[in-house]
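Working notes, structure below.
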Amino acid sequence: MTPTPRKPRLAVWKFASCDGCQLSLLDCEDELLDIAAAIDIAYFPEAARGVIRGRYDLSLVEGSVTTAHDAERIRDIRARSRVLVTIGACATAGGIQALRNFADVRDYAAAVYPDPAHIDTLATSTPIADHVPVDFELRGCPVSKRQLVETIAAHLAGRRPVVPAHSVCIECKLRGLTCVMVARGTPCLGPVTQAGCGAICPAHDRGCYGCFGPMETPNAAALAERARELGLGQDELRRAFRSFNAAAPAFREESERHDDQNDQG
Amino acid sequence: MDQMAEPRMAHPLVPRVAHVRRRWRDGPDVWTLEIEDGAGSGFMPGQFNMLTVFGVGEVPISLSGDPADGNRIRHTVRAVGPVTRALARLRPGDPLGLRGPFGTGWPTDALDGRDVVIVAGGLGLAPLRPAILQLLARRDRIGRLTLVYGARSPDQILFARQQDRWGRRSDIEVAVTVDHATSPWRGYVGVVTTLIPRAVSDPANTVALVCGPEIMMRFAAAALTDAGLPETAIHLSMERNMKCAVGLCGHCQFGADFLCRDGPVFRLDRIARRLALREI
Amino acid sequence: MEPEDRVIVAIAGLNALIGALDRDGYRVLGPTVRDGVIACGDISGVDELPAGWSDEQDGGRYRLTRSGAETIFGFTSGAQAWKRFLHPPRQRLWRATRDGDRVRVHAEPAPDERFAFIGVRACDLHAIAIQDRVLTEGAYPDPFYTARRKELFIVAVNCARAGGTCFCTSMGTGPAATSGFDIALTELPGEGGSSFVAQAGSPRGAALLRDVADRPATAEECAAAEAIVARTAASMGRAMPDHDLRALLLDNPDHPRWDDVADRCLTCGNCTMVCPTCFCTTTEDSADLSGTESTRTQRWESCFTMDFSYIHGGSVRASSRARYRQWMTHKLATWIDQFGTSGCVGCGRCITWCPVGIDITEEVAAIAQG
Amino acid sequence: MTTRTIKVDYLARVEGEGAFKVVVRDGAVRSAELKIFEPPRFFESFLRGRAAIEAPDLTARICGICPVAYQMSAVHAIEDAFGITVDGPIRALRRLIYCGEWIESHALHVYMLHAPDFLGYDGAIDMARDHAEAVRRGLMLKKAGNAIVALIGGREIHPVNIRVGGFYRVPRRRELDPLAEELKRARDLALETVRWVAGFDFPDSERDYAFVALRHPHEYPFNEGRIVSNRGLDIPVSDFDRHFREMQVARSTALHSRMADGSSYLVGPLARYALNFDRLSPPAQEAARESGLGPVCSNPYRGIIVRAVEILHACDEALRIIADYAEPDRPHVAVEPRPGIGHGATEAPRGLLFHRYEIDGDGLITAARIVPPTAQNQASIEEDLAGHVGGFLDLPKTELQHKCEQTIRNYDPCISCATHFLKLRIDRE
């Protein structure tokens, strides 16, 4: 709470992504002008042309690394950032584009591009933390704007952000929602997924599909077993764990357990 | 519900505002804050306060000053995480939130006529210092007084100058050991437990006060029992996560005990079984 | 009218009771059908109560069903415990404002909400009594809970059916409401709709009952009411093994069953959220971007999270084995040392609402087998 | 011979990563390229083998700015393949959430991305110093749009409530009431927006566009309609492939979407407006007239007014839907997967968004094709760039650069979307 003499400088960087996480910052309609008053938004090309070069107190990084050039670029950004926070499933787990990690990227390119030789891409989509040290990872596909504001404010204040790593279930119950898995038999990834979204899927009568990635101590195998009892087949289980956070280790391992050759059902 | 107490005006989780009077460094990443606490009402050695840095958070920190010193209270903090770092950055005049004192203290009142061995590891000396100061103030009432202190390395020794001063006194024996020696160090090297046998001359009449990392306390307790002290004569100060310090939040449970209320200082016979259990 | 006198209250009388409470400034809460379950919510009359609804409960399974009868309270343990109101999931504690070096702390005022709970079951009466112990009878009572609790008006209902996961009989907490209520009802199904054998448990309850009762209950009606509760007691879905649970659990911290349950446990925390006695909380600090105002909020916490036992360098209970053991040992053993009662009232919620159906009675039985 | 290259390596205030390069030789524009270096993410590849019912959640991630559009085109295409029709309140709710996305996305573009160009600022936060009230109005409007998406969809970006067949959960009547209040205020703000942007300085720059948009028998188009143009095209969505091609462009490996005859065309607000002016709400028509727009607007700079008019229309439409809303018995119609091919096209804020799926007997996708609006507009944008720059060549370099940027931003290009189909060489200079 000690006022800082110079306004801290914020930069927002984009790697392979849908732009949604950085848009969350512009979606903070109520806070945006306060944020702009408290910090110097020095680099945010989605929102402004101006560029202040040099070092940044806080860099928010969206997106995953999918090109050799990006792998270089993130090193430079790290070197120029005092605190580097990754935002969103792409930056923290490789994102939906990490589905290529389970396939041959050349096939992928050939299927979309007649001249795939010109496509500059790596065989994998990887989280930022695979390339440089990251100070804090904010999960979600997309991040929650409440948590985004909290993360920015907390880093400026030197506080630990209130971004618990526990399950979506806790959030679900704090809200007083009905468990869709227990009361409807709808498979739900909430028990193995990190809180933060506000349990919006159960709030809309559907199971969580894991867009915040694995919670702190996920027991994916036990949940998968339960989902199987509720009627999910092997392919469905594989796909359930292989989506927006497919490359997060706990989800990757669980999805691989349901690959054709590995299924133990 | 008529038998229920009237709700108190003050919520026990609401801090009062106090101000830093002085601040000095007491080791690498370790700072002592002297705090002006208008509402200060004294404390027992071994007790702790909940300190809030506004906008950052609240943590339990032991009282490390002299219990005789009225409303000027001291806390010695190692900057390890967000709140302790923010505490360590506070300057004279800065406000902070304060609740306490809480917890059981060292049984300093019950030591008349006994030998006292104080075993401290690292920052564990902070909550023991008030006990030492109090015992020194009534030195004539107790028998042999020994401080056995272990630090990671010579530069990590807490309250080094004060320890030197104590070391020069004749009424307290001070033995310091380090895990890793650096060049000018000519003292002991090794774990603190190796010094314990020497500190105990009359085990049946000795009381031990122990504070340090949990693993060190386990070994110290074993060494003290080996030296012949009964479990009832060994007192340990434990550490657990704490949010409320008044027995409401549940975090600090250590078996059946709430550390904030039933501890942090426990007699070994009460916790010996738990101390041996992992992840309890 | 003496408190022990039983009277008959018709549906209209119950409706009048709700109305009277509402007029007295109570926020009246009762069971309602919502999102596929029976959960407590605001009610303004009997027609919002779940007449004709029932439930089926089992480990990790809850289904709302049609009861086939027009009884109002024909269901069992609800999806949520009443603690949601008395000890809410989130509660702001204070705000601090800063002006230069001056900081002022503004304590949150004690709540002045008055609740009236309709349809509290015996297990939940015990649960409330347990939270009373924890939150009001220590050296530092929780003033917010105390304030809400002081004003609380309770209309209890004796269970006419035991749920699939209920085991109150074996915990000695039900199914009959014996104390801790202002009014207790037993529903008597009848041709022209239910009526209730009602009993007052407090002067406040007696006064209200006087206004809404039809007539004194007959001996037959009283006997019928008792028979209903006796039948319920005999048809419990589950039972806690008959053991000295405290000794059993304290003596078995290294039982292999803890590893077994750790394989199944999701550490999701659902059991602690739904349990009517679990009281643990954490605090969260927030501050505005300019740093002039900060807030501390209390929220429900679970001993299944890593944060719960975090001390610098890591969590004390890092394994799920240790966390499950902490939860169950606290519930059934150390709670007794701490508060003189078990921390479990046999409501069965943790069994029903565990997504994978882990069953506290079954885990105890496995440990008891040696 | 003098060659001048005007380039901007990182195009600001567009969604995604793009750049442009204009080469001028001897006073004449030789080439104008909008480059996209957003790395490919291979949506059409990984959609193969996924369940068709996953497509709405998966394709939403193509673009964080218009996820509802992707979800809508996906559900319509898959419902087309499954032979499902959705009508009544569920259909109305789909239009309602789409209104939300239009309001949000247009307000973002008008206030945060585009207006700063007209008023001479680097961005909206900059602009807020002198035009705080306008920026606040923009934010409030944007918030109203987001409120619709969040209420119906669960959150603003990548809503969770949209599914094949309808929704997972439909709102209760009374949940919509506070929204109506907010929208009534937003409506006024939208009207102010039209007036505000109408007062900007616009260069005279008319172009003879081939406009392409959906047209519906009685609605301004969101979800449904036939694909029509001002050149006489009038086809069902399923014929899209026959009339639009992705063409190889000589100077790069980029494929632009073009008409079958190779000509460029334009989708988006200008096209929608020109082809559906008669379907706008009366207040929106009135506001358009008042601001000097005819029933057709061919000046891309004035696109900002058209967007403002569409915000007003979306507010009116949303209010009408809320007023008429009756909670349906079920949140979605029954969904029976069956093999087939399905097409869907809806009007994303930036224009026509086409999806096509081939689905097998297990309900899995075997082929997917997605043609977003920016792909379709790229040829037009480049032509515009080439056309405009000629007139500004005397300007100092930075101003010229800015003019070029502005020209591109007229189209509100969404490059995050664009990359999933654009075949571009990544050419770094």
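We just call them A, B, C and D in the order they show up, numbering each chain from 1.
Please note the rule applied: a contact is a pair of C-beta atoms (placed from the backbone, for glycine too) under 8 Å apart; a residue touches a chain by one contact, two chains touch by 3 or more.
Note that this is a predicted model, so its numbers are computed, not measured.
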Mutual neighbours - chains that touch chain B and chain C alike: A
Interface with more contacting C-beta pairs, comparing A-D to A-B: A-D
Farthest-lying chain, centroid of Cα atoms versus that of chain D: B
Distance between the centres, which are taken as Cα means, of chain D and chain C, whole angstrom: 51
Approximate Å spacing (C-alpha centroids) for the pair chain B, chain D: 64
Chain centre separation in whole Å, for chain D relative to chain A (CA means): 25
Interchain centroid distance [CA atoms averaged], chain A/chain B, Å: 42
Multi-partner residues of chain A (at least 2 other chains): 1-2, 157, 159, 205
Where chain B touches two or more other chains at once, by residue number: 54-57, 81, 94
Multi-chain contact sites of chain D, meaning residues that touch two or more partners: none
Listing of all chain pairs that touch each other, if any do: A-B, A-C, A-D, B-C
Chain D-touching residues of chain A, taken from the complex the two chains share: 14-24, 26-27, 29-30, 32-33, 36, 41, 44-50, 66-67, 69-70, 95-97, 99-100, 103, 105, 107-109, 111-115, 118-121, 125, 141-142, 144-145, 197-198, 200-201, 203-206, 209, 211, 236, 239, 243-244
Of chain B, residues touching chain A in the complex: 53-57, 81-83, 85-86, 89, 94
Chain C-facing residues of chain A, complex: 1-3, 31, 34-35, 37-39, 149-150, 152-153, 156-157, 159, 162, 164-167, 169-170, 173-179, 181-185, 188, 190-192, 205, 215-219, 222-223, 225-226
Chain A residues touching chain B - in the complex, by the definition given at the top: 1-2, 157-160
Sites on chain C touched by chain B in the complex: 93-94, 96, 98, 101-105, 107-108, 110, 132, 134-136, 138-144, 146-147, 149-150, 152, 253-254, 279-283, 285, 287, 291, 294, 296, 298, 301, 303, 307-312, 316-319, 321-322, 326, 330, 333-334, 337-338
